[in-house]
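All chains are identified by letter, namely A, B, C and D, in their written order; residue positions are counted from 1 within each chain.
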Amino acid sequence: MAADPTRNAGSDYTQADLMVAAAAREIADGEVVFVGMRLPLLGFLVAKSLHAPEAVGVYELGIIRESLASEPILTMGDLPNLRRSHWLADTADMMAILGRGDVDVSFIGGAQVDRFGNLNTTIIGRPDRIETRLPGSGGACDLACLARRHIIIMAHRKHRFVDRVDYITSPGYGDGGDWRRRVGLARGGPSAVITTLGVLRFDPDTREMVLASVHPGATPETIQNNTGWPLRRASDLQTTPPPTAGELAMIRRFDPHRYWTR
Amino acid sequence: MPKEKRLSLPDAIERFIPDNSRIVMGASLESVIPFAAGHEIMRRGRRDLTLIGPISDILFDQIIGAGCVRKVQAAWVGNVITGSGYNFRRAVESGRLETEDHTNLTISLALRAAAMGVPYLPTRTALGSDLFKTNPGLKTTTCPFTGDRLTAAAAIQPDVAVLHVQRSDVYGHAHAWGNLGISREACLAAHNIILTAEEIVDPEVITSDPNRVVVPGFRVSAVVHTPWGAHPSPVPGHYNRDHQAFLDYREASKTPEDFAAWKAEWVDGIGSPADYAALLGRERMARLAIREHDHSEPVDYGC
Amino acid sequence: MPKEKRLSLPDAIERFIPDNSRIVMGASLESVIPFAAGHEIMRRGRRDLTLIGPISDILFDQIIGAGCVRKVQAAWVGNVITGSGYNFRRAVESGRLETEDHTNLTISLALRAAAMGVPYLPTRTALGSDLFKTNPGLKTTTCPFTGDRLTAAAAIQPDVAVLHVQRSDVYGHAHAWGNLGISREACLAAHNIILTAEEIVDPEVITSDPNRVVVPGFRVSAVVHTPWGAHPSPVPGHYNRDHQAFLDYREASKTPEDFAAWKAEWVDGIGSPADYAALLGRERMARLAIREHDHSEPVDYGC
Amino acid sequence: MAADPTRNAGSDYTQADLMVAAAAREIADGEVVFVGMRLPLLGFLVAKSLHAPEAVGVYELGIIRESLASEPILTMGDLPNLRRSHWLADTADMMAILGRGDVDVSFIGGAQVDRFGNLNTTIIGRPDRIETRLPGSGGACDLACLARRHIIIMAHRKHRFVDRVDYITSPGYGDGGDWRRRVGLARGGPSAVITTLGVLRFDPDTREMVLASVHPGATPETIQNNTGWPLRRASDLQTTPPPTAGELAMIRRFDPHRYWTR
């Protein structure tokens, strides 16, 4: 689903632009990034073209790129993303890189997230009484289980930010604390949630989501009103810096028809 | 020499995909999806199929919409650039379609297990997820060396794998290039392999580069010459992704009535690759065609 | 751009293969065995190494003969066309060398398990065999779905994989062709990857054909230009197998004294690829060189 | 180890020639053959060039060939065996074909064999008191476990044909009967043992080795004298037909320097 089409009043960028820029800033230079589709794909390209030129892109369909594609792409399988890449191979090879612990960061989206960062992209309702059937995991569960950290990107709406997701497609911190270790997950967990309204991170002990940064135009109150549980705020609550001119230029370069960032 | 395996698309589907077949398709994820073969399955009105794959993009949604499918074993079913697959949603929400929820990794391991002849393979993915509740092919198990808790993915043994490739000879020796997804696992696991190929070439083209081959030719059951057979998905060396077709399909699948109209035009009305090309039109094909060629550096297999 | 990884052979071995290293080599079985790298390990007098591989042909026997090795995890150690590896026999029979007995399949699974990040993989091989008595990395286990009895092969995590390839750029992006053996598993499993390459080429040669790449370049630690670096094993595109060298080695390894003389000539006396070429001699190199070239049909990656 | 160099008196073929011919005759047309090294490699080539033109060769190092190589080869990795082959891939791909049950027949050799066809290529002596260390399994154990049937080729000597092997590298029928099923092996087992003196097969119930055919120049008595247990004889004991002119011509073509068949 495309990002919220509402532009921030009085600015020359959209919510989607800001989310892409925020995603890009989560990538450090030299990191190995398991690149997802839509906004995360753009975020990776922006990071790679600006502050993280040596970031390596790993794509689940069997592609590794250390360089930017020659043309904009809409899906990972578009031919410019294959051409002049650094490895075309099997999904199993990419999953080995992920499973062994060589992926620093990945990005996933979802329909529902809860206070411990569990993500649902499978079923609204119950397995025996499905209200809405969503597409499913794809590689998202794999990334949430096996990457060193993952970042969630989604629209901030009350029915999406729920106290407990209906179905855990991609595990976050379960019911908090050392849950991941208890269920057998060797590493990882969400490090940030980038939404249409702000950026949230996780308490290092309880693993509960904490509001860390508010996007320009939003307030902590509007964010609480769009969150289905009492949301903790960081003591050093920030305002998300708007996209820089450089970031915006790259977003326009990689999404020239503004398919994802209108 | 081995025997010729070239068949027409209707003959290949008639012979190797009866009702109740378990079929793996779309093994390369977003690329090289065997749409033409899927449409022939729809035209022949197959029933009670099981569709197996990682993400199918819109192909699974189409076959489900045509009423051919009883069960889906997949990681994701939808439209990659727009989101939901409406036929899939309708079929699941109305209780007509059984689903087993996989991840891209568990579906690849389930097929790899069948390929290797073992009943399961272990992995660290999916632990703590609810996939165990909606997939009886996932259980937890314990490592006999470390005591670690692991996910066990049960083997999935397809009756047939349908793979679209760039070029094949008439004996089933084929070259594929680009991202390969789970093509290797899918074909090694399946009892029968159907290849749809952009080009039928001389056997010497294939043997000039045995590393470019993706599946053991002796296990291929049928080779079908199917130019534009993966449209609207992209095929390296042949055509780019037709994004507009995926956008159009979103609108065309929102209601059963819209889907019926779409199917009448794009599936039922097609009898051959020539029909399909005529419907696409020269201008659109030219727009999708490879504009800037970029050839691989040769290698030497001499002795 | 990524950073340059080109090193001399001595520097690469010095930096990435300290004493006590666990090294996987000879992953392509009879072909493309990294003899030059193995000889540098011998020259540097490494100690207490663990050698990991399927069949090593005579390379493991040589490194064992030089006293570098404490343990071997392999399916087979010997001389493919003559039989026994005499240094290996002497070392095992005198109690100096620890062995863990694998099959080609279990060693590939042990490395694949480490590559995937799981502690073991199951298989139906080895059941009923005595390999369980001489390999603590094999146990029996039970399938959680079927109750079937299976062999579990414990993960083997090498410190370093040494792979000989036909061509690489200075960043570690490399093309390999021919039979690939367990190269994929070996490199994906290892912490460090050392490539020895017949040719160092422009990065554009490699990116012209990303399907020909065998290992993720970003995980390569060192690239070493090593022409004739796999002699006497064969390298597609470069040279044929030097059978006489394997026959000669049989005689040269029958006693420790003969082996010391062989090592003085073929290993200790070599300081560079040029020294090795001089020892081989032009006539022998010409006899082994590719006589009849046979190039691959190009493919198009354009868009 | 090369075959016994002793020629049969008064014949124009060697014991090795006869063994290769006997091995070739075990391959039916269209079968998938997991090709081993030495005599079995020759046997496959002879079968493929004569009565089994559609046999498919699978080689553990990652090669599938449906055609003959353009030149004679000594090892499976020789470049003529790679050139113009039909698949160059991973050992894991070949092992998948084997593991799934797609290999009809394979050939292995050994240092010791026992009355139930168990094969030892690892240790003479005991694991804690090794007298002779042999090279090990290679792929032999995999073939003995996973092929639909396998054929053993070895020199017939009393110290090699023992009542019980010191170490089971490649399982035959264990201690007989339904042992394979009991230990978990899904299929397979040895169908023949081709030696320097004769051909032996296995009783379908007890799975004990039975002398089926005596090579020209040998007798049941010499075979018993070279066998470490009382050897059963088939009721229809045969004489092994000598290599035909056609078989010999092919053996000479594929082993022109008589490296394996001297």
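Quick note on the criterion: contacts are C-beta pairs under 8 Å (C-beta built on N, C-alpha and C of every residue); 3 or more make two chains touch, one makes a residue touch a chain.
The model shown is predicted, which means the values in this text are computed figures rather than measured ones.
A.B. asks: What is the chain whose Cα centre is as far as it gets from that of subunit D?
C.D. replies: A
A.B. asks: Report which interface contains more C-beta contacts, comparing C-D against B-D.
C.D. replies: Result: the pair with more contacts is C-D.
A.B. asks: Between subunit C and subunit D, what's the gap in Å when you average each chain's C-alpha atoms?
C.D. replies: Inter-chain centre distance comes to 27 Å.
A.B. asks: Centre to centre, by mean C-alpha position, how many angstrom separate subunit A and subunit C?
C.D. replies: 40
A.B. asks: Per the centroid of Cα atoms for each chain, what is the distance between subunit A and subunit D, given in Å?
C.D. replies: The computed centroid separation for subunit A versus subunit D comes out at 57 Å.
A.B. asks: For subunit A, which residues are shared contacts with two or more other chains?
C.D. replies: Subunit A, residues with two or more chain partners: 63, 78-79, 82-84, 88-89, 95, 99, 146, 186.
A.B. asks: What are the residue numbers in subunit C that touch two or more other chains?
C.D. replies: 112, 116-118, 123-124, 140, 148, 150, 177-178, 180, 184, 208, 211, 236, 240, 290, 294, 301-303
A.B. asks: Quick check of your reading of the touch definition: is the inter-chain graph here a line, ring, star, complete or other?
C.D. replies: other
A.B. asks: Name the touching chain pairs, please: which are they?
C.D. replies: So, checking each combination of chains, I get A-B, A-C, B-C, B-D, C-D as the touching pairs.
A.B. asks: Using the touch definition up top, name the residues of subunit D that touch subunit B in the complex.
C.D. replies: Touch residues, subunit D against subunit B: 32, 53-54, 56, 63-64, 66-67, 70-71, 78-80, 82-89, 93, 95-97, 99-102, 146, 186.
A.B. asks: In the complex formed with subunit A, which residues of subunit B make contact?
C.D. replies: 28-31, 54-55, 74-78, 80-85, 88-89, 92-93, 99, 101-105, 108, 112, 123-131, 133-134, 140, 148-150, 177-185, 233-234, 236, 240-241, 243, 290, 294
A.B. asks: Note which residues of subunit D are touching subunit C in the complex, please.
C.D. replies: Where subunit D meets subunit C, its residues are 1, 37, 59-63, 74-79, 82-84, 88-92, 95, 98-99, 122-123, 127, 130-142, 145-146, 167-171, 174, 179-180, 183-186, 259.
A.B. asks: In the complex, go through subunit B and note every residue touching subunit C.
C.D. replies: Residues 116-124, 137, 139-141, 143-146, 148, 150, 152, 154, 166, 175, 177-178, 180, 205, 208-209, 211-212, 236-237, 240, 290-303 of subunit B touch subunit C in their complex.
A.B. asks: Report the residues of subunit B in contact with subunit D in the complex, numbered from low to high.
C.D. replies: It comes out as residues 1-3, 112, 114-118, 171, 173, 184, 188-189, 206-208, 210-211, 213, 215-219, 301-303.
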